[in-house]
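There are structures below to look over.
In the two assemblies presented below, subunit A is common to both, partnered first by subunit B and then by subunit C.
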Partner chain A sequence: METFINPKSLFHLLLLPCLLLYSSIAYNSSPVEAAMHTNNWAVLVCTSRFWFNYRHMANTLSLYRTVKRLGIPDERIILMLADDMACNTRNKYPAQVFNNENHRLNLYGDNVEVDYRGYEVTVENFLRVLTGRHETAVPRSKRLLSDEGSHILLYMTGHGGDEFLKFQDSEELQSHDLADAVKQMKEKHRFKELLIMVDTCQAATLFNQSPGVLAIGSSMKGENSYSHHLDSDVGVSVVDRFTYYTLAFFERLNIYDNASLSSLFSSYNPSLLMSTAYYRKDLYKRRLEEVPVTNFFGSVMETIHTDAAYKALSRRNSGRFEDEMSLDQSVHHIKRRMLIKVNDGDEIHDINPELLQGEEGASKCPWSTFRKKFQKAENVDSLLNYGLVAMIPLLVISTWLVQ
Partner chain B sequence: MELSFTQGRWNYESWGGFDPISSSNAKPPGVELWAVFDVPQHHIDASWKNLTHTLSGLFCASINFLESTATYSTPEWSFPPASGNVRYGTLPCEAVCTENLTPWLKLLPCRDKAGIALLLDRPSLYRGFYHSQRGRCVLAKSSSVYLLLDRGLVAELKFPNKENGKSAANGLTSENFWSNPSFELSVNPDRIFLEESSSHSKSLSILYMFQVEKYSESEPFDIGLMWKVPVAWLCQQTPLHASRFLMGSGNERGAIAISLKSTQFTEGFMSANSKDGSCELRVDVFQVVPWYVKVYFHSLRVFVDQQPRAVSDFIEKIHVSPSKDKMSPGVMEVVLKLPCRVNTAALTIEFDKGFLRIDEYPPDANQGFDIPSAIISFPNFHASMVFLEDDSLNRSPLLSKFQEKCPVMSYTEVLLVPLTTPDFSMPYNVITIKCTVFALYFGSLLNVLQRRVAEEERFLKAKAAKKTGRLPLLLSKLSAKLRGSGINQD
Partner chain C sequence: MAETKEKSLSDEKPKPRVRPIVRLGIFLISHSFLVSVVCCTAGVLALFLLPVLAKNTYISENALMPGSASPMLSNQHVSDGNRLVKDLTNPNSKSSETGIESHKIIAQYMLDLGAEVSFHKFHPQMNQFHPLHFFSSPVSGKIQENYSCSSYGINTVGIIRAPRGDGKEAIVLVTPYNALKSGFGEALSLGIAYSVFSLLTQVTWLAKDIIWLVADSQYGEYAAVAAWLREYQTPKFSSLSTPNAEMCPDVNNLFELKGHSISGSKFSNSFRRAGTMAAALVLKVRDQNEQFEDTISIYAEASNGQMPNLDLINVVNYLAVHRQGLRVNVEKLWPLLNSSWLKSLGEIFESLAKVAKSLYPKWKFGIPATEYVEGTATLASSLYYQALGVPTGPHGAFRDYQVDAITLEISPKFSLDKVWRNDILLRGGRLIEGVIRSVNNLLEKFHQSFFLYLLTSPSKFVSVGVYMIAFALLIAPLPMVAASLYVDANSSSNCSKGDSSTPSAITDTDEHGIAIRSWRWLNSAKLVFIVHLWGAIVSLLPYFISQIPDCSPTTSFMIWVLLSILSLLTLNSVLASPLACAKATQEKEWALVKSVTISSVFIGLGLMSVINFATAEIGALLMVPMCLLARPLKLDVRAGTLRSFCRLICNLVLGHIAFPPAAFFLLKGMLDGFGNANVGDFWMWVESLWAWNSATYLFIDLTWRAHAVVAHQSCMMFWNLDVLVLSL
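Let's look at the complex of A and B:
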């Protein structure tokens, strides 16, 4: 009897932990997918020092201006500038930074807020910002206070090479360090989606180890990124090609446009850039045509009007509450721009047709409710819990049969 | 607490040093922060650290570098109130730009959209030779613009040296003041204040006040001053003009010299106080030197009127806190008593340059390292102006500020000390060379031990014999050739 018992009971004993493991993994991943997109952050880093690297400063400030113009406030932007160009004594135009020869735009503006300046821009501080491990005295304006509903734009520019980025001419950030930081951020749920944009030589090698993020670099391995043009008045090159064309794309937009990321990525012409702008989206689940650029570069949120003040409910309950409200509103607000819908919009999208069929449908057939629950992404964990509970009697029966 | 951001150097020679504006407002270049703490002694360091970090986040500057023990110090006499709870730190090479101005403006109710702050056009602001912003704001109910006619200017206008024989003394304070022969104002002032009395000067300054709220969009407030005749005047200067410089050459040692020269003021002062020959001018010198400039305090020498003199003759008190390597800076506070008729005086002190570890160098180490400004103060004299005011209820904050008794202070220059810098590419070079050597050694060692050349050739031959097609045969020949071992053809 023992010889019969042992293999089968062992098999069943092993099955249970495997189920538990699987369910725990699934449970861990499901809250991230279920989190709503609530805020946008931008971390803009310029890593070069000295006057002849004016163009890197202009790159970063161009992005800063774009991101501010499209809606991200200063509190959610971490701007790291490794040197002071605007009030540099060599600058013929004090307090002004230009990215074009025609001096049309003063990027420095009147309201710039630089969080990390000069010698503070180090690899250590950069990684601390990403992972969120600061000393207690560090003020809030210098911290990346993102949560699991944040979309983060990480833009880095400077001199780089194969799998590294040079910081201030004295140290370097390696691609595996960056990948480590990104992985830590992922485990700590510090972002929902992350877009890494790198404008250096051989930029694509910097993020080739970072998994699960959307990334675009200005050049591939073995290629250099070039500056766009030289401003003979200021005396140095004022902008890099990749950022110049990025900016040309964004200057046409305002906060209400719904250009998608794929149009941004396809607007780069390799012959004009003199390098290949390479992007990776292998682990990014959504299609790029559906993602508006304001998801990362701006801050456009869907506001849901509620008639009554809502109490502080749990997340899932509040979702259902809003759905009931939106049922009334959906009759009036049928015309909605499709692309502006972000993830919570997706949920409303899914829910609306069902609710429009009639709320009676929800309570009539338990099988249909079970199917609807099965279709909803956020109930996978509860389904797994049901499945696990259902497995236990099976296990008991099989061991009894064996005995 | 006082925090100031300054770009440029206050030119004491041309712009004066005796009036309250230059004495209490002229600041050293970069960032200066001093704070008085109200907490127990052992909490002060932690509070200072929190303060510097908070300010760095608030004002977008690297003030958090002051929290490291290399840059703060505790002065004893130079700062009123003299107590042990004062902390002082300065960053001489901190850039001041628009981002430092933005938080100040955010504190104002209308930011820079209305009021006097509209005038802050960033490019023109940062184009000037000197600009400074300081943290001590009093919210006023009304705005006024003040035009201060310096004592020297008033003296010049009253008793002009030029051929204008007509005395314009009455013209400045009477009703039709704008028709005096020297200058013309486009707007008439609302009130005129006269300084009460000055113990150090014959003439008294005049303050014109213009109230901004009387003007509006239709009649904008546009004040202009036009000089009808060229007028040159000398602003009242500090009793002694202080400057500082480095002596010596090379990367090992050097000396710091503080030189004090008499100015026109001292002559006037002497003539006023020449009752007996024993009048003394007290000068306080406060200097902080970072730890990598190792000062030898025993080598302090005093030169009066270009003659070396004994230190004990002229130094009344000296308080020295020697630097600790990598821990705290060296602080020196000296109280000098110089005779009133002094022409020049100088203090020299020698130092050795310290040795930094490679990770302590800033990224642009070849620029050099800064020694912050020294503070020279003259406690005998008070830079304050008392103005006669009719209604003491409506005391404007600016006039109250002018009346505060604070000693005359001046800041010396910031010194740039070149230290020895290593070749920063050496660690990379060393690592690369060593790894190459190791790789070559172990590679060849393993090759010699493990590789059997004859067996390899036989293996290749067997592989070649197995291949039937023409193309694989060619390929195998090619690869064998590339690998360097020959293949024998049949």
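Let's look at the complex of A and C:
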């Protein structure tokens, strides 16, 4: 008897259910399921140097101020400024930057944290930030530490042309570089949703090469983006039209407002912009009317109510949440599938839902059985408790067998 | 050129198929007469078309942003400027013998503003002729041995340091000022500069230091500025410094006194410097009043036809016209404005443009006839001053150090009225402020816009790419004619028949070996070389003549002519009398001589066009027809037909016109009337040319030589040597 039962094999046998249990939980928190909006990041880039490009820095700083006001904390904003206008000797108001000739708002106040400045703003560094491939010495504050639940706003301004954006008067970011970086980010689950906003000449060409995200540019191919007005006191143009009207839109909002992206996008008036703001949403899965701007420009996300505060170990497995979500779970899943398909380069948009349903059913087979179990249990805490209790007799038996 | 073409020609001959380029070459050479007529006409026509083809100027450098900042110069600054003007025009300040009082006042004013002030003493350098210094920059640290302590000038220099700048760049503002006999205009220019200066001490946006140079113009504006620049750019170290003004006791005393009397630590006796100069503005106010409106004249030409970057002119023009409402003009050749033939030419162009527009509405190249006439007059003066190579103002001194500079001369409308004076101070000051603020925005040297251009109006220019076409067309026939002459000369001697294309073909009875014959051009080259050598000697003669003390221009000129003739005779006798020899052996080979001459002229013109386009263009206008038409007079006389007679007349006229002194007198006569033309004027003109190290002088020398060659070949069959010299 004693020789018949190998204690080691028995131990393995006992371990199996535990592993199964664990793996099912792990599966539950896999990317497909977990892609929920949890945090917001902003990457704000001003790519041009020189005093006469004052407005680009002002653009970026205005956006910085706006997203901060709408709730993105400073540590989740990567601010890249290619030149320092505030301390330029030509600046009539030292250490101040304005985006309006009324000089009411100093954009370069006390709380501006510039992550990449001056000659650090290069195409290489920009791509490193996006893709997260940094040298080991780069501090965390200079990294885009986003995850699969992040909404990222990528704002770029500078001088551009057909499918490129000039950096530092010496190099260019080309549209396929950007597309490549975004693809990598996607592969690495560095974002859930990405909004690219570009204010340059021929901005629409920059995301021509299908990065697979939501994108808006200040002008179409062959169009210029113009500055909004000249500050005759400082002696330079202080803001670009596209950014000016973007800011005008946001100034009316506060963190609790529910304005949708489509209202932002339709707020651009081509005759005021003197160019046509172009946005592409064909690769974006949600309807723009339903997406609040604060999803990108602020840090407002869906709140999930739980019964007991801080009781749950994992909020995702909360039974109540499951109850709420179970109805439209499959629909969500289909949508996600479609998105994945499109991302794979498939142009077929009208995928048969039944087909998908079947596929899904097959793939979900082991999972659904466990889910039923969970649904029976009141919550995961009790499940875990049961599990632990069940392990005690097993442990007792095994020790007894070994002896 | 001709030789290579000929070689390729002879190489290719046995082959049945010739490459198209060679065939084209042969075709052009065989029709050289037609080609040269067409090309020359087209070249002259293109030159007259330039005002029509002129483009509007535009500001090329993004960083400049002229007029984007509103002027900050207020009435407060203007009244400051007015105060200085009053103090300077006050008769008490003029009492001093040396005018040191005025400089003291200016220095005190600068110090009160908080600027760094220093005096710069200099000795006016006499203009000297340096035969080999045409292209080199002014000699550094050269001090004259025989200066006297009594003759020195004082430049007052005030420097504002940019409060947050790095002190590596500077903008220079120059106001020429003669303390001894200053007109009201000079005082006013100082007032304008002072009001701007007082503003600039307060502003926070300076990125470049501001240097205000009050240049003592009692020995000439250029000399003062050049002396200061020499000192600025080539620092002298104390151990190496040779005796200069500081050694004069009286001068020293004056400055010691000054050092004590003027309070403030910012005054220093040593030379003060700021950063490298980004741009310089010379500001003048003319004493005479303009009749119509306040105008501002821009002078830009520096030595050897160098121009400042077009952006600088654009900025001034833009700010003056669009911000301050001043009328801007650039130099014009005034006599051309009233010429009726130019007007009719303009009308022809205008009507042609109208026809073209009616044919195809998108063709809009016509300009009104009056505009055309003005454009041509401006273009002509632009060409003339560039060709002359003499700077048109003190800004020329800056160009020698690659600093972009222009002279602005304000001609106000009214006189002496208080209100008006404030107005001109305000507008002039705001213009200067605007230009300085614009240049202050610069990040690099001026480099975006053109350096090679001709102005046809303050806001229109002809760029190098356009005007070179006219020149290229003009000189294009030269190599072809040279080649064709060479071919003819060879072929006519080969087959002792007359060639139909050269009606005056001479049958070569002498039998030479083919090898010898193919090298025959060396004889002609030798002849041409000797004449050029003579030309070189003639052009060097003025250096020695100028050493003769107390010589009036007329006598100098006479000495020059005499020495020239003498040198020709000596050369003739020493070098185995090349002319006589030529007369004997080469009587029938004038074509070869002409071919070599034309080749050398072509090379000379081509080289000159790189150095100074305007000179080359004017030279080409004179020399190309002369070179192409030149034929031995004897042959024409012998032929006796009407055609040959016409040609003979043309030759004689052209030969005389293209002779530099003759051309000079003709031009002067045309512009000023023949009455007051004087032989001495030419001497003075030439003197001024070499004083400015103008390459034009070299070029005139080249013209001279080419002319000599052509004249020689025209005459050698007809008259003897003496007649040749007389004709020169």
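Here, the second predicted complex is superposed on the first by the 268 of 403 C-alpha atoms of A that agree within 3 Å, B and C clash if a C-alpha of one lies under 4 Å from a C-alpha of the other, contacts with A are read in each partner's own complex, and residues count from 1 in each chain.
Note that a residue touches a chain if its C-beta (ideal position, glycine included) is under 8 Å from a C-beta of that chain, and two chains touch if they have at least 3 such contacts.
Quantities reported herein were computed from a predicted structural model and do not represent experimental measurements.
Look at A:Ala137: by the touch rule set out above, it reaches subunit B but stays clear of subunit C.
In the superposition on chain A, A:Glu113 contacts subunit B only, with no contact to subunit C.
Contacts of A:Tyr226 after superposition on the shared chain: neither subunit B nor subunit C is touched.
Contact comparison for subunit A: of subunit B and subunit C, B touches the greater number of residues.
Once the two complexes are laid over each other on the shared chain, residue contacts for A:Phe265 go to neither subunit B nor subunit C. Of the two partner chains placed by the overlay, only subunit C lies in contact with A:Val236; subunit B stays clear of it. Contact with subunit B, but none with subunit C, is seen for A:Gln96 once the two complexes are overlaid on the shared chain. Applying the stated contact rule after C-alpha superposition, one finds that A:Gln168 touches subunit B and leaves subunit C untouched. Applying the stated contact rule after C-alpha superposition, one finds that A:Phe50 touches each of subunit B and subunit C.
Comparing the two interfaces of subunit A, the one with subunit B and the one with subunit C have residues 50, 87-88, 93-94 in common. Contact residues of subunit C toward subunit A in the complex are 62-63, 65, 68-70, 162-166, 203-207, 437, 440-441, 443. Of all residues in subunit A, only 50-52, 87-94, 230, 232-237 touch subunit C in the complex they form. Listed in rising order, the residues of subunit B touching subunit A in the complex are 7, 49-50, 53-54, 56-58, 60-62, 64-65, 67, 94-99, 102-103, 112, 122-123, 125-127, 361-364, 424. Remark: subunit A residues 49-50, 84, 86-88, 93-96, 108-115, 117-120, 137-142, 168-170 touch subunit B in the complex.
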